[in-house]
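Shared between the two complexes below is chain A, which has chain B as its partner in the first and chain C in the second.
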Partner chain A sequence: MCFTNFRCFKSKKLKLMNYNETIEGILKGSRKHLAKAISLLESYREDDLLIAQNLLDELMPSTGKSYRIGITGIPGVGKSTFIEAFGEEILKFEPKKKIAVITIDPSSPKRGGSILGDKVRMNSLSRHENVFVRPSPSKGEQGGGALKTYETCLLMEAAGYDIIIIETLGVGQSEYKVGQMVDAFLLLHMPATGDELQGMKRGILELVDLLIINKCDGKLEHEGKLNKKIFEQVFHLSATKKKWSPPVLLASSKEKEGVGVVWQELKKFLLHQKKTRDFQKKRENQALECFNQQLIFKLNKKIREKETKLLSYEAIQEKIKNGLLCPSKAAQIVLENLMKA
Partner chain B sequence: MCFTNFRCFKSKKLKLMNYNETIEGILKGSRKHLAKAISLLESYREDDLLIAQNLLDELMPSTGKSYRIGITGIPGVGKSTFIEAFGEEILKFEPKKKIAVITIDPSSPKRGGSILGDKVRMNSLSRHENVFVRPSPSKGEQGGGALKTYETCLLMEAAGYDIIIIETLGVGQSEYKVGQMVDAFLLLHMPATGDELQGMKRGILELVDLLIINKCDGKLEHEGKLNKKIFEQVFHLSATKKKWSPPVLLASSKEKEGVGVVWQELKKFLLHQKKTRDFQKKRENQALECFNQQLIFKLNKKIREKETKLLSYEAIQEKIKNGLLCPSKAAQIVLENLMKA
Partner chain C sequence: MSESWKSWQEMAQKEAKKDDIEIYRLSPESIPIKRLYVKESLSKEAKDEYPGQAPYKRGPKATMYTGRPWTIRQYAGFSTAEESNKFYKDALSKGQKGLSVAFDLPTHRGYDSDHPRVKGDVGKAGVAIDSVEDMKILFSQIPLDQMSVSMTMNGAVLPILASYVVAAQEQGVSSQKLKGTIQNDILKEYMVRNTYIYPPAPSMRIVTDIMHYTTHNMPLFNSISVSGYHLQEAGADSALELAYTIANALEYVRAAIASGLKVDDFAPRMSFFFAIGMNFFMEIAKLRAARVLWYEMMKEFNPKNPKSSILRTHCQTSGYSLTEKSPYNNIVRTTIEAMAGALGGTQSLHTNAFDEAIALPSLESSRIARDTQLILQKETDINHTVDPLGGSYFVESLTSELIKKAKSIIKEIDDCGGMVNAINAGIPKLRIEESSARKQARIDGKEEIIVGVNDFVDAKNNQDFFDVRVIDNEKVYRLQKAKIEKLRKERDTKRVQSCLKKIKTSAADKSQNLFVTVLEAMKARATVGEVSETIASVFGRYHSPIQSISRVYMENMSEDQSFKKAVENLNSFIISTGRRPRILIAKIGQDGHDRGAKVIATGLADIGFDIDIGPLFQTPQEVAKQAVENDVHMVGISSLAAGHRTLIPELISALKQVKCEDIAVSIGGVIPQKDYKFLLDAGVATIFKPGTSIPECALQILDVLNQKS
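This part shows the complex of A and B:
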């Protein structure tokens, strides 16, 4: 191994960290070493990323043994509160499980996190010794963000986490990406009257394996039950005997009601997936898709490095957008330029 | 221009065809030259493809002026019959429009085409002087098929076609790909009772801009009307003021009823898209996406050409699938190997 020592990203003093120690630490479940490896992944420095990549590559044989759960929902639907109740419920049923949570960066109100910050977020859950809570590494970065979340997942698996929950914001494109990297995808919905029910993002229901109508307490309970019927009808449209039809569950994270049922239904779904071998197939495709994305990502980087005055990548894309350059010709020019240099 | 003459693909005798003549021919709307250019696109020969690419690149300034319409539906729903009635209806309203249709290859029953073959397919429509019917170029080819359909579209535009209809089979992945290359996506549905209504492909409704309940005649009319209500409710879920809510229309291609309304509603949709500038944005994204796909396609080809015993692309993919190689590391190895050679 060529890297025996590396500088840790984010530490203000140059701190020497032992490479092998980090690997051993992660495999032993050390939070400190896991956190440092994730920080390296998040770095913008080329050398940090290279170390993170090598670390991850050595840890690969110890990955893949968790359940990866995506949870989405629009701001205000109560994702954090639900995840906290959900995590505690899982630990009640299976106290030996280790749970990792990748949350939306809480410091940024734009991304839907609480402006109150880390400290009040999943306060009770995050203090549990078997739980590791970490903000999403994808802040603001275009394209590469979802890839980093995927790799963070792998690192967490190597550190022995059995269940990885990825919180994602129900706006923008993020939930499509997360939906494509998890084993199960949960949508949190808030009870709404017929007209308010409008505006649900098109495409989102297609990704869903379990729909949870949250905040089903007090005044909202009645509406929640009506909503349930509508969603069941929608899912019925795409139901076949072989396929999984997403259950629609009512829950109240506040009253901690119905959250245990979510875990039971989720386990049913995961077992169903394993039985039909869809679980493994999905994972294989996800890994290959991630590889393709990495290929594009790294290729784009190389193209930018090698662009000349004659061949500006931006100019090529502009020409394609305006229909002045045919995409296949453009791809050929770019590749030839890359190989020449 | 380096290619002044080229051998025409598919012709058994080596026939010399003039490059500039082909370009001029296409721009003048010659069916013969258009058909030959499409055949070159479909070729498996490297040299044919290079000519097709150069042809297309020169024709680019004359592309982009059509409406691209995708039509999908499961086998038996009556796609060909509908497209025939639809095309004739358009010509009734706008007799000067030129219509091109890319159909499912009719010679292959597996792909959902009629085994009776070309001759009885869209018999009446295809004889119209303003109509050009061509089977889809994507037969059996993995990955590249949709890209070729996209490029065929561009060639047809250069030949002056105002409306391009792309028929696609409502099974497999094809309609997702076609859904992402057209301006409007129509789903043909057959009236069904509640239980039969099941089994609709998940994800398909998300792509739809217009849903047509076809075969709404005789016994099926009543059920069709009931289905309409259910679909309207589904679309209502994702409706907002700004967004287009897909209309659900009843039609009978046999009785030629309701088909004219489809054209009127489709035009409303296209105008709505142009007004919100979504039309142009979608096209730009489609062109860039096509470029990315071409980049991956050509890159994969180059990787395969340059693979050594040490680096078999298949072996790398197998390792990624089995979680033994981390995707980012794999991408780096592949790119480095490519650049080295």
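This part shows the complex of A and C:
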């Protein structure tokens, strides 16, 4: 059974949670209310999602005042450990800052349950009074995972968090999507040999604002320094197109070295962005992009819901597969039918 | 094959009504167990072997128990030093021959009893020791030059061993005369149990510093007890237990040699510690195999002293095999396991008390445990002949198979570049967790029968009929706190400070022996916590990465009816609430036994729950914070170290404080039935009894959640 079907079920009764209390709670920074609102966003139920949407809409005036930082890197590169060291470093310099962390854990493909263990790796950060860590099961792409992450960000901003860190899954399309919804995108890399560097996803490098070579301790230190040179060259070559050439930094989150520099460099980048007004432009585009995607997402869902009344969706797909129907013509038919319905 | 073999085969086929009758089953170690072993089953090279001679398969000594029976050494300790001392003296007067000290968890993890993180654990699963003063009370009126003392200590090994040495000195006994064992086996702590303090590399240095000191100053003392026991308790099968223990031991040998010791200086004083579970013949074979493996593996270091490659071991019957249901059955289980230990040729033995799945052993249950060994030694003929099973086709074959199996596991570790690397890569932990999840699936699927638990269940549970020991944790805490305050007032603070400074310097300087500086500090009446914190300021405290496995459980269970039912109920929960049930599985306090929590986490995730795993060693407030942020439906606490009476009410009130009383709290682990009412009154939603299968747990959880919503 596929759980995405559950969103079709209609609600019997509204959630017990008090709507106004939740809004007030979030604005006051209540952990409980923020947590519950995020759960609403993650719900499989249509009625929950509608409530979440209204909530967010009311909270919009209080959003936008944070730095959104995406952190990517392959599984095992030490993202969580890095975030722990990084978060603690920020709090050392700026103890009044409130930090929220969103981590995305893989769901078991077969049955859909997840084991979410990220707080384990952010042991001492997650204990901190000013820190809110929320691990989310990925639910795969079709759940609109990235869109939910964006909206979770907004909720956290409304609750007064100044810095929002999003840790990606480390594989797949979601990397790009997260890269396109943050103010700064950090790539964590592990010292590796030349061959392994070849295999790095070029697309990701283009989104990156800061590259950190992590685990530069012990035996890997030398390798790390070599890698730094290579990356610097890569960025240098493509720097003409961009106004910002991403710095390449060495760090060891285990030894807690170099992590402070990352924060300083990141702030430099963000200030640079603000000065050039790129920051604002990026955000505007991201909001519009989110709107576009939501529109497509909702439209798609509508079409599927109506499919029984319309010309069978499956039948159309079958025709397209067999080359009997031109895809653009097919889309036209479906759209026209939808307008009529 | 002979004529007789052929005709046996024919007859057996008829009797068993099967064509393929040779293999009866696959053991948990994946060793095929045959229906019949005959002379041909033995390897061609098999020759006459003698006890006391290489490769020592038949025993480390020529006369074995006919010369001297194994040492009855019962592991005990609880509450305060005063209480434990009373208990020890009583046991020694009734036939026990050596002492084995159990410390409480705060001591293991290097915290003083008055540290705010550890309140609920003080004096619970062992005795609380904060300074030399406590150690002196612990051994008061016990002459340490005559008594062999074993101490299970790994994390805070420096201040604890030092306190013992100082306590002896102040009793008038020089360290030269001390005999006994310090566990000092830190590697296994990173695989299971988790009572470490520092990261692996500096911890290995502590191990070798102690080996240096004992080699030169405590010639009768075993500097290390390489322990497989905890691996089996965490779910490792016998081959994994055997292989990882030997691999750990080899890592210590290499480290000691690298630090400048000669193999013959320290290897004769290395000892071992294995678990004895219910697979009777496998366990006998394991002890025999261990001795052969050790002999063979030690060749790499060219020892001149034969004692360097003779494996001597302590054994303990399995705690894992004990059941909470029909607990008197545990006496029988322990007896069988004790016999296996004796037939395998152990040097000393601990027999568990029958009520250990429920609580800390009482006076009466401890007596029965001790008497079990006395009966084996005095009433049976088990120790009238050396290695009575030597030459048994079955036992000899099993021994060879286990050696082969263990070698291949050791090779996997070698290929990683040794155990420290393998641990950093998380390999042993993962293997053990896999083995453990598979075992749970076998039990839940009734492939492995546990009488009175998953089959032949007695409707009437007879737990109510006997007394269990209850530790008044608050009282112990108050007493310890008062003692520490007194100590801090009376000692020479300046001297302590200067000692601690020296510790800091020697921690940073590998050429110094840390133990020597710690010894001075303990003499000056520094506390276990102060010393540990000082060292942690240089080494850091270690946080274990938690890995989790998935689908191992499901692969073995997906056809099971209760499993299917659980999945079905879960799906309807999602339909009505819009969310997967989300459960935070957490441990509170200093109890690091996380096998149960891990198995439950994997099993529930496989059924379809979203599971958050909490870090180890959390305070109730930290668990509550995590539960709130993740908006879980339920917090499931796993408690194995008796801290629940203090910690659970604290958790519930912490949840109330943030107005999240809608988050249900459940608990499982070692919970005495007489605490059920207390816990339910405190607000616990549901209690998982030991032996509850994972699908049953899932159904129980969903029931609670459905009632709530």
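Quick notes on this structure:
As a working rule, the second predicted complex is superposed on the first by the 290 of 341 C-alpha atoms of A that agree within 3 Å, B and C clash if a C-alpha of one lies under 4 Å from a C-alpha of the other, contacts with A are read in each partner's own complex, and residues count from 1 in each chain.
The rule is simple: contacts are C-beta pairs under 8 Å (C-beta built on N, C-alpha and C of every residue); 3 or more make two chains touch, one makes a residue touch a chain.
Since the structure is predicted, the reported quantities are computational estimates derived from the model, not experimental observations.
Once the two complexes are laid over each other on the shared chain, residue contacts for A:E24 go to neither chain B nor chain C. Legend: residue contacts after superposition of the two complexes on their common chain; A:H236 is shown touching chain B, with no touch to chain C.
In the superposition on chain A, A:F132 contacts chain C only, with no contact to chain B.
When the two structures are aligned on the shared chain, A:K32 is found in touch with chain C, with no touch to chain B. In the superposition on chain A, the chain among chain B and chain C reaching more residues of chain A is B. When the shared chain is aligned, chain B comes close enough to touch A:L154, but chain C does not.
Contacts from chain B toward chain A in the complex involve residues 53-54, 56-57, 60-61, 63-64, 147, 150-151, 154, 197-203, 205-206, 230, 233-234, 236-240, 243, 283-284, 287-288, 290-299, 302, 317, 320-332, 334-335, 338-339. Every residue of chain C that touches chain A in the complex is listed here, in rising order: 543, 545-548, 550-551, 554, 567, 571, 574-580, 601-602, 604-615, 622, 625-626, 628-631, 658-660. Those residues of chain A lying in contact with chain C across their complex are 1, 3, 6, 9, 12, 31-32, 35-36, 38-39, 42-45, 47-48, 81, 108, 110-117, 119-121, 123-124, 126-127, 132-135, 137.
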